[in-house]
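The structures considered in this document are given below.
You will see subunit A twice below: alongside subunit B first, and alongside subunit C after that.
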Partner chain A sequence: MATVTLNQAQKTYPNGFKAIHGIDLKIEHGEFTVLVGPSGCGKSTLLRMIAGLEGISDGEISIDDKVVNTVAPADRDIAMVFQNYALYPHMNNYDNMAYGLKNRGYSKAEIDTKVREAARILQLEDHLERKPRQLSGGQRQRVAMGRAIVRQPKVFLFDEPLSNLDAKLRVDMRLEIKNLQQRLGITSVYVTHDQVEAMTLADRLIVMNGGVAEQIGSPIDVYEKPASQFVAGFIGSPAMNFLKGKVSDDKKHVTVGDGVELELDHDVEGGREVTVGIRPEHLQMHNDGNGRIDAGVRMVESLGAETLAYLDFGANADNVTLRLQGTHQFAQGEKLNLSVPADKIHLFDIETGKRI
Partner chain B sequence: MYQSKWRIFTNHTILVLGSLFMILPVWIAFASSTHTREYIFQNGLQFWPGGEFFTNYGAILFDAEATKGRVTALEMLFNSMVLGLGFAIGKVIISMMAAYAIVYFRFKLAVPLFWIIFSTLLLPLEVRIVPSYEVVANLGLLNSYTGLILPLIASATGTFFFRQFYRSVPDELLEAARLDGAGPLRFFIDILVPLSVTMIAAIFIIMFVVGWNQYLWPLLMTTDDQLYTIVIGIKQVYNSLYEGGQIPQFPKAFALTIMASVPPVLVVVIFQRMFIKGLVETEK
Partner chain C sequence: MKRVQFEHSAVPYLFIAPQILIICIFFLWPAAQALYQSFLLEDAFGMSSQFVWFRNFEDVLSSSSWTRSAIFTVVFSVMVSVLSIAISLFLAVRADEVIRGAKSYKTLLMWGYAIAPPVAGLLGIMMFNPLMGDLYKAFNSFGFEFNHIENANDAAFIVILIAVWKQVSVNFIFFLSGLQGIPKSVQEAATLDCKSPERRFWTITFPLLAPTTFFLLVINLTYAFFETFGIIDVSTKGAPGGSTATLVYKVYVDGFLGADMGGSAAQSVLLMIMVSVLTVFQFRFIERKVHY
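Right, the complex of A and B next:
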């Protein structure tokens, strides 16, 4: 059990590229933190800085209140799981898990107890004598996790551990990781670009963009109150609709498309140009004509459990996604009557993209 | 792919002819080495083995007189073996370590140093043979195994091959090892060397054969018959064929040639198995 504290941690590469622009963060005991963001946002760099595989240009990183900026990776008491497993191909799975313990001078008997215990937890007992290449992708990833847990480190670091697995296995392993982490209660930092993984695993989500933490919060907070247009667009699938809008003079409405007026749940400066964000699942369809929005159907995608319709709201808003439960039949050009609850409308500043 | 019978037939004909072309001279040398010298002198090269195999080979292996020197073929084989093994093992070790330094320790001069090493590939031993001789002579290493092996041990080719191989090893392996508490030496011995087994076998084969076949260098370095390698021995035997008005020792010269070629062939045959096995099993 340990805390990880980042105090204005920065990373500048020798060529002048600034990968991390100063991040403040405190990860609590046993917390599962997920770093999520598009490729090149610095999430892996940040993880590797915590691991000690990348140097820290400025600021501090502490584990359990001890600054570890110059501590070697092996001495930070952390364990890391890599995307490509990084198992030693010439060692069998037992030796793969035992290697770190051997280097730390544990006795043979201790190593044996720890490895067998880890193998039991991960259901790898039958595979200990085999080499990594004789295992499936999921089993290899479990060996990699076994290598991490035998040492009972203070912090687990995961670098996109599920990216190399196929879709079904990914879901299973996701549950397994969550389960394992809760059972062992070890502070974890997990990097992914997959927002579903991020939402399901995280106690706390850190959405990164261009070396900056755009938002830090619980997954539900991030989903319900995205701090910026970037976060709003990144979290949620299909992505949030963004429309150009203008706040009415009474400060209580915003106009989008061809004069569609939407009610707001909080006052905003009148006449201000804003970006309006609406999640596809928050558009409600009305059969009684009570909705404020009328829109034509451009295209329909039926996924079975849900139906996605692409709608035309008029000027500057001709590709709005609507997500409905179940199957629906729409003709092209059919007019739908819709509404959005006031508390589901997000407004963002046009210039800065910040939430209003 | 579908292959017609005609095509299989022509392919095999070409292969069989090619093989015969390569093997026949060796076979004739072997067959001729098993006759008496009088018989060869009268009847020329022989295609079928005669009855003198044990006599001729026994004489050349154990009787210094038969090789026209003060050293038996067995001793020369031993010298060649020392040279070949020392040469190959030394080159493998030195080039592995050099490549390890160049790839994993990003010191400032790594790149220029690598290119300097690499450019020496262009210079054959013959170019630097006089200064090399001078150095070895000043060190007092003439007529010693050390003098024979040490100056040849640095290898640009080997360093280059190992460098290319190390660069293909995923970085995560190094990082995982670092997290597992392995220092540079541990990582090299526990991870990199076992992963390089196939490369080691390949370079060992090549270098052993090259070392075994060295002619000019041992000729310069050794004035003492006791240190003659078998390649030099062959030369010496052929030189003395016509001396003394006796009937030339053709069968024994052929026997020596055959013996000189057996160990490299064995090394290739034995290690090639490991080499291929490694190729099939290794996976990154």
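Right, the complex of A and C next:
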């Protein structure tokens, strides 16, 4: 159990590129923190800075209140799981897990107990004598996890550990990781670009963009109250719809598309140009014509459990996604009558993208 | 198992014909010639010859000069291979860690590859020339009584030095590419698992380089056996008293300088047998153990 504290941690590469622009963060004992963002946002760099694989240009990173900026990776008492497993190909799986313990001077008997215990938890008992290349992708990832848990480190670091696995295995391993982390109660930092992994695993989510933490909060907070247009568009699938809008003079409505007025749940400065965000799942369809919005269907995708319809909202908003439960049949061009609850409308500043 | 027979056409044979032709003309034919000649006893001018069965082989194997040359060849080959592999591995590991000016280091270390063995031999022997050689003077000014013209060990030292120097650049290239073939994440995982860089090298990097090392061992032994001819011919010419003549060089000295064609042919046949055995041994027994 340990805390990880980042104090204005920054990373600048020798060529002048600033990968991380000063991040402040405190990860509590046993907390599962997920760093999520598009490629190149600096999430892996940040993880590698905590691991000690990348230097820290400015600021401080501490583990359990001890600054580790200049501490060697092996002395930080962390364990990392890599995307491509990074197992030692010339050692069998037992030795792969035992390697870190051997180098830390554990006795043979202790090593054996710890490795066998980890193998039992991860159901690898039958594969210990084999080399990594004789295992499937999922088993290799388990060995990599085993290598991390045998040491009982203060912090687990995961660098997109599930990206190389197929879809079904990814779901299984995701549950396994969550389960394991909760059981062992070890502080964890997990990097992913997959928002499903991010939403399901995280106690706390950090959405990164361009080397900056755009939002830090619980997954539900981030989903319900995205701090910026970037976060709103990144979290949630299918992505949030964005429309150009203008706040009416009474400060209580916003006009989008061909003059459709939507009610707001809080007052906004009248006449202000804004970006209006509506999640596909928050558009409600009405058969009785009580909705304020009329939109034509352009295309329909049926996924079985849900149906995605792409709608034409009129001016500047010709591709709005609607997500409905169950199966629905629509003709092309069919007019749908829709509404949005006032508390599900998100407004963002046109210039800064910040939530209003 | 049933074997499937496809319709044969002449085209594939045409494609391999040039290679087969080259092997026949430049290897099989001379080898057969040498084998035939090794059973003959010729006079120095090639005017008459007599079929003597294995007498040439008996003479060769019982001669002390051949035994000495064989021992020198083994010592020389092992020293050259081990030293050049060790030095180039060290250089490659260091060059791989360099960040600033990495390209220049690497290019400079590879340059030696472009030098022909006789040129390397000439450079080497000039450095040890008793009249103007800087290394000769340096060694003697340190108090070594260095004299490769009379001392067999000193002469062997020079030949080994030149041969190793020439081979380091070749090995360096292979080790560098071998090092770059080790996944970065594996090395990073090792830095988390093991603090000591030396220990990490011997437990992770070196085992992962084993296939490269084995390949280079084969290449270097072959090099030391055969390709050092130019170096020896230009530097010591086997002197003093044949103490730095490898088996290959001795074949040349006895056959072309000593005009003992039969004895020289017998030596080359023995060499052929040794090389065949060595090759079979290397690939049968060692290669299996170095792969992961």
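Heads up, the rule we're going with is that the second predicted complex is superposed on the first by the 356 of 356 C-alpha atoms of A that agree within 3 Å, B and C clash if a C-alpha of one lies under 4 Å from a C-alpha of the other, contacts with A are read in each partner's own complex, and residues count from 1 in each chain.
To be clear about the criterion, a contact is a pair of C-beta atoms (placed from the backbone, for glycine too) under 8 Å apart; a residue touches a chain by one contact, two chains touch by 3 or more.
Just so we're clear, the structure is a prediction, and the values are computed from it rather than from any experiment.
Novice: Report clash or fit for the pair subunit B and subunit C bound to subunit A in the combined superposed model.
Specialist: Once subunit A is superposed (C-alpha atoms), there is a clash between subunit B and subunit C.
Novice: Name the contact category of A:Ala51: first (subunit B only), second (subunit C only), both, or neither.
Specialist: A:Ala51: touches subunit B and subunit C.
Novice: Of the two partner chains, subunit B (first) and subunit C (second), which one does A:Tyr13 touch, if any: first, second, both, or neither?
Specialist: After superposing on A, A:Tyr13 lies clear of both subunit B and subunit C.
Novice: Contacts for A:His90 in the overlay, against subunit B (first) and subunit C (second): which applies, first, second, both or neither?
Specialist: A:His90: touches subunit B and subunit C.
Novice: Output check: A:Phe82 vs subunit B and subunit C. Expected answer is one of first, second, both, neither. What do you get?
Specialist: A:Phe82 contacts both subunit B and subunit C.
Novice: Does subunit B (first) or subunit C (second) touch A:Pro73, or do both, or does neither?
Specialist: Touch status of A:Pro73: both partners.
Novice: May I ask you to decide whether A:Gly100 touches subunit B, subunit C, both, or neither, giving the answer as first, second, both or neither?
Specialist: both
Novice: Same subunit A residues contacting subunit B and subunit C, which ones?
Specialist: Shared contact residues on subunit A: 51, 53, 72-74, 78-80, 82-84, 86-90, 99-100, 103, 147.
Novice: For subunit C, which residues are in contact with subunit A within the complex?
Specialist: Subunit C reaches subunit A through residues 183, 185-186, 188-196, 199, 203-204, 207-208, 210, 292.
Novice: List the residues on subunit A that touch subunit B in their complex, please.
Specialist: 51, 53, 72-74, 78-80, 82-84, 86-90, 99-100, 103-104, 133, 147
Novice: Give every residue of subunit B touching subunit A within the complex, in rising order.
Specialist: Counting only subunit B, the residues touching subunit A are 170, 172-173, 175-182, 186, 190-191, 194-195, 197, 282-284.
Novice: Enumerate the contact residues on subunit A facing subunit C in the complex.
Specialist: On the subunit A side, the touching residues are 51-53, 72-75, 78-80, 82-84, 86-90, 99-100, 103, 131, 147.
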